[in-house]
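The structure's right below; bear with me while I get my questions together.
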Amino acid sequence: MATHQPLPDQPPPISQRGWLRWLREHLFSTWYNSVLTVVIGYWLISTFVPLINWAFIQAVFTGDGADACNPDGACWVFVEQRLGFFIYGFYPAEFRWRPNLVFALFALSVVPQFLPLPTTIRKWLAIFGITGLPLAAYFLIAGGHFGLESVPTSRWGGLMLTLILAYVGILAALPIGILLALGRRSEMPVIRGICVVFIEFWRAVPLITILFMASVMLPLFLPDGVTFDKLLRALVGITLFQSAYMAEVVRGGLQAIPRGQYEAAEALGLGYWRRMQLIILPQALKIVIPGIANTVISLFKDTTLVLIIGLFDLLGAVKSTLSDPAWSNVMAEGYLFVAFCFWVFCFGMSRYSHRLEKQLETGHRN
Amino acid sequence: MKKTMIMFGLAATGLLALGAQAQASTLEDVRDAGQLRCGVSNGLPGFSQPDSDGNWTGLDVDTCRAVAAAVLGDANAVEFIPLTAAERFTALQSGEIDVLSRNTTWTTTRDASLGLNFTGTNYYDGQGFLVKEALGVDSAYDLDGAAVCTQAGTTTELNLADFFRANDMEYEAVVFDTSEASAQGFDNNRCDILTSDTSQLAALRTQLSDPDSAVILPEVISKEPLGPVVRQGDDEWFNVVKWVLFGQINAEEYGVDSTNVDEMVDSNNPNVERILGADGNMGEILGLNDDFMVEVISEIGNYGEMFDRNVGPDTPIGLSRGVNALWTDGGILYAPPFR
Amino acid sequence: MTTDPRPLRPGRPKPWNDPRVRSVVFQILAIAGVAWVGYTLFHNTVSNMESRGISTGFGFLNETAGFGIIMSLIPYNETMSYGQTFLVGLMNTLLVSGLGILLATIVGFVVGIARLSSNWLVAKVALAYIEVFRNIPLLLQIFFWYFAVLGALPGPRQAVNVGDIAFMSNRGIVLPKPVFEPGAWVMGTGLVIALATIVVLAIWARRRQAATGRIFPVLPIAVVLIPGLPLLGYLLTGGPVSWDVPSLGGFNFRGGITAIPELGALLLALTLYTASFIAEIVRSGIVSVDKGQTEAALALGLPARRVLRLVVIPQALRVIIPPLTSQYLNLTKNSSLAVAIGYPDLVNVFMGTTLNQTGQAVEIVAMTMAVYLTISLAISVLMNLYNRAVALKER
């Protein structure tokens, strides 16, 4: 007697499996979703196909001058030919190994943070990044010591200047911001008042007015005959501005720490600074990593404003070469190049902050 | 919180310490530093323009180089500090620069109320108009209703308003923060006319995508004597900067140029002998070496050479000498004598 | 019984160890420090200004400005005073900030909701938009729109012509301007009556809904009434409005209202940049609403779109409002980048041209900063009031 043999399962209908099902669920689930998909799809194709054609397929990437370019495609030759200027500004060509060395050191302290290396190595490289690197960068790029010829800041420019402004700004703004945040939560009314006024003032005014003050009015505030470098003045302005934002971010973290942590730390008999340093700040800073990352990213983007006070950062350097009569019309290429550079840095930083946030997640949050 | 205060204090002191304390004598300062700090425009072809290696060229740049050659014996011992129009005077007042050579118009207010001294005129200029040839305009009096691109923070904006009001015409001012941006706006057809000093117009015209499509109208609506500026209250330095330029103009007048300066030192012309320091102590009384003009002429040249090299008819700027010719050639360049 | 000679309570600590004494000392030091810094700055400034012969005081505000401004919401010409230039700049700043906030909010909400769309393509396009626009400096975006996009528009003689009444060129968009003739007040009154009716109706409808649960359709009535009543007035009085239609004359268009391209570029850049941040805020606000809320609302039989409007969004707003406030503040401050492309905002006109003509940096910068401080405080106060209104009410 033959046993009952169930037939093998039928495959689901074609519309319920594979990519067809995916399409149905994700693109054509209802009639208005279908309309949306078609409209947006049409828009994407009609915009991006010509754009890709212009930017890559018809584009010319290398050459000797404007003549090499194709009128229907992007002229990346312009970027290729001026890359040195975009990266270093007016920095003398024979000394460019110095910023290059700094870039290498920078990469050395940053790139391993993304690699699966032992924590101690990463930690020491990070510590080098915030202590040794700025010093080394100063001595190498500015020169004037150890037999290196001095290069005045008026010759610094391009991406190098952007990175210097951003890096120094961040390194200086974070500690000042933490102190301001602690001050704002202090029990001493005078200190609290001073910090509140300071933070609210810098947060209320546009960065451009601050840079303007730094470049034009600061000499008025200093004793007669005392001057300091324009780049340094811009840095002071940027740092004070960003430290106020940093302070608000850190304050958010301080407020999120339960009272019990403060009380427990006090009960242990720790003094104020040790309480903050050992108990409160490590927890608070961890909570606000996304906020700090956002502030860092916005600082990085804000460095472009220095072009308004006449410093040649990356955007300034590119913009100043756009009017070169030797190149007919490379405006779109120039701006796209700058946009791409900033985008890579900013996007990279936001990804890194996500990663760091996950890494430091110890599961105590509820 | 004490630590906070201490840190702020330290930071502030540190910032102050980084600042250099300027001495009373600019000449001494420049000699001690071994280089001249010169404020220039952040990019104007023919006057001060950096190439991509940061080498500056132009008439204003050469004016500074000449001073460096006279004081330090090296025309390359100059640090050029690009300044925006808004920053230029504070930068000089605060001692950030030693000389301002940034096509700056000599006016009463600037001379009298800003604590500055204009040392002379290295280019006699006047405000003019650049228009697209296609518009078919050939006089500034036909510009009623036009949109005008101009640069903020200059005397140009006021002259423009005065001119249009005096002639009962209307206009629309499109104001940009740099001369470069205003030229870009003009090139993009944002406005019908670009107004600025005529020398600048000639320079900006070279930056247009099609320089031949634009013409400079014949009318000049203002006087704009441009020249180097120093701080008030340091007469020694004022004299040095003043007489280097006078020396270059005199040299042209007496036919001394960079090609013949070595022979001219032995010239029998007493004027030439005094300029080049072969006779008298003109350099010494200015606080310089007696042969300072030899250095200037051999490195930079006389005024005419400087003009021709940077903005003359054979350059892309293509300016003719016009009123900037010597008084002996029908111009108004007339330098006091070396005596 | 012997008594313990030691006191029961510890004595007062030495003054330098007493927290209260310390705190007082620190605060006095802080006050002294701030006062010293303030005094030094003040003293330096005054002595520098004196030695450089820079004039002081606010008398310059009454002097004749002598320069033209391309766009003004209030009457202005070059014979007016520097004080008037301040007002012109201020109005232009408020205009671009106000429009920017409105547009960025709309775009931001649309993109934020699109980000959560069930349509894969819509969600990904929204994501790409957010990641691209918020990671590129605003200044660069302004340059891009101004020079590369709007600069590529045709000149006035080749302007894009919309039915001979509106024109678009690289000089901006020119629209016909309404000229009100006597009798136009009837239309104005109609508008006022319509608005007042709608407000009263809305209040009544809300009360009724609270009391009875029945919903009264205010929105369709508003859509009909607000344009309807003025139109009725227009027809009754026989059309007291004529149109000043722009026409090409000489170099440019004459007549009509012009929206200058600087305004367009600045607005476009500010809107798209800020909207990318607002979209993320909106998205996280909506995500933060517990799924149970939606399910409970659906279980009550509410239709899906009412669930979003009546249950999800009101709760999401509590999370959205605080960061939204700082985006509004950022947009207002960022509008000062106008200076880079020549839109005549406060920083460009007053802190730029006026400052250069008068040289009175301290007064002018102080006035400019005071304006931004005031705007900041005003927006914060308004937003705090609103925040309080939507905050969780514990019953």
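A few points about this structure:
A, B and C are the chain letters, set down in written order, and residue numbers restart from 1 in every chain.
Here, a residue touches a chain if its C-beta (ideal position, glycine included) is under 8 Å from a C-beta of that chain, and two chains touch if they have at least 3 such contacts.
Quantities reported herein were computed from a predicted structural model and do not represent experimental measurements.
Viewed as a contact network, the protein chains are fully connected, with every chain touching every other.
Farthest from chain C in terms of Cα centroid separation is B.
Inter-chain centre distance (chain A to chain C, centres taken as mean C-alpha positions): 26 Å. Chain centres here are Cα averages; for chain B and chain C they lie 42 Å apart.
Once the centre of each chain is set as its mean CA position, chain A and chain B turn out to be 39 Å apart.
Across the assembly, chain A contributes residues 188, 191, 212, 216-217, 219-220, 222, 308 that each touch 2 or more other chains.
Counting partners per residue, chain B has 1, 86, 90, 93, 177, 184 as the residues that reach two or more other chains. Touching two or more other chains at once are residues 26, 30, 48, 51, 147, 339-340, 361 of chain C.
Contact residues of chain C toward chain A in the complex are 23, 26-27, 30-31, 34, 41, 44-45, 47-49, 51, 118-122, 125, 131-132, 134-140, 143-144, 147-148, 329, 333-334, 336-337, 339-340, 347, 351, 361-362, 365, 368-369, 372-373, 375-377.
Within the complex formed with chain B, the chain A residues making contact are 82, 84-85, 89-93, 152, 154-155, 179, 182-183, 186, 188, 191, 212, 215-217, 219-220, 222, 225-230, 232, 236, 273, 308-310, 312, 320-325, 328-329. Residues 1-2, 5, 8-9, 12, 85-86, 89-90, 93, 112-115, 135, 143-147, 152-154, 157-158, 160-162, 164-165, 171-177, 181, 184-185, 188-190, 192 of chain B are the ones that touch chain C when the two sit in their complex. On chain A, the positions that touch chain C within their shared complex are 26-27, 29, 33, 36-37, 40-41, 44, 187-191, 194, 200-201, 203-209, 212-213, 216-217, 219-224, 297, 301-302, 304-305, 307-308, 315, 319, 331-332, 335, 338-339, 342-343, 346-347, 350. Residues 1, 3-4, 7, 15-16, 18-22, 42-43, 50, 52-54, 79-84, 86-87, 90-91, 93-96, 177, 180, 183-184, 206-209, 211, 316 of chain B are the ones touching chain A in the complex.
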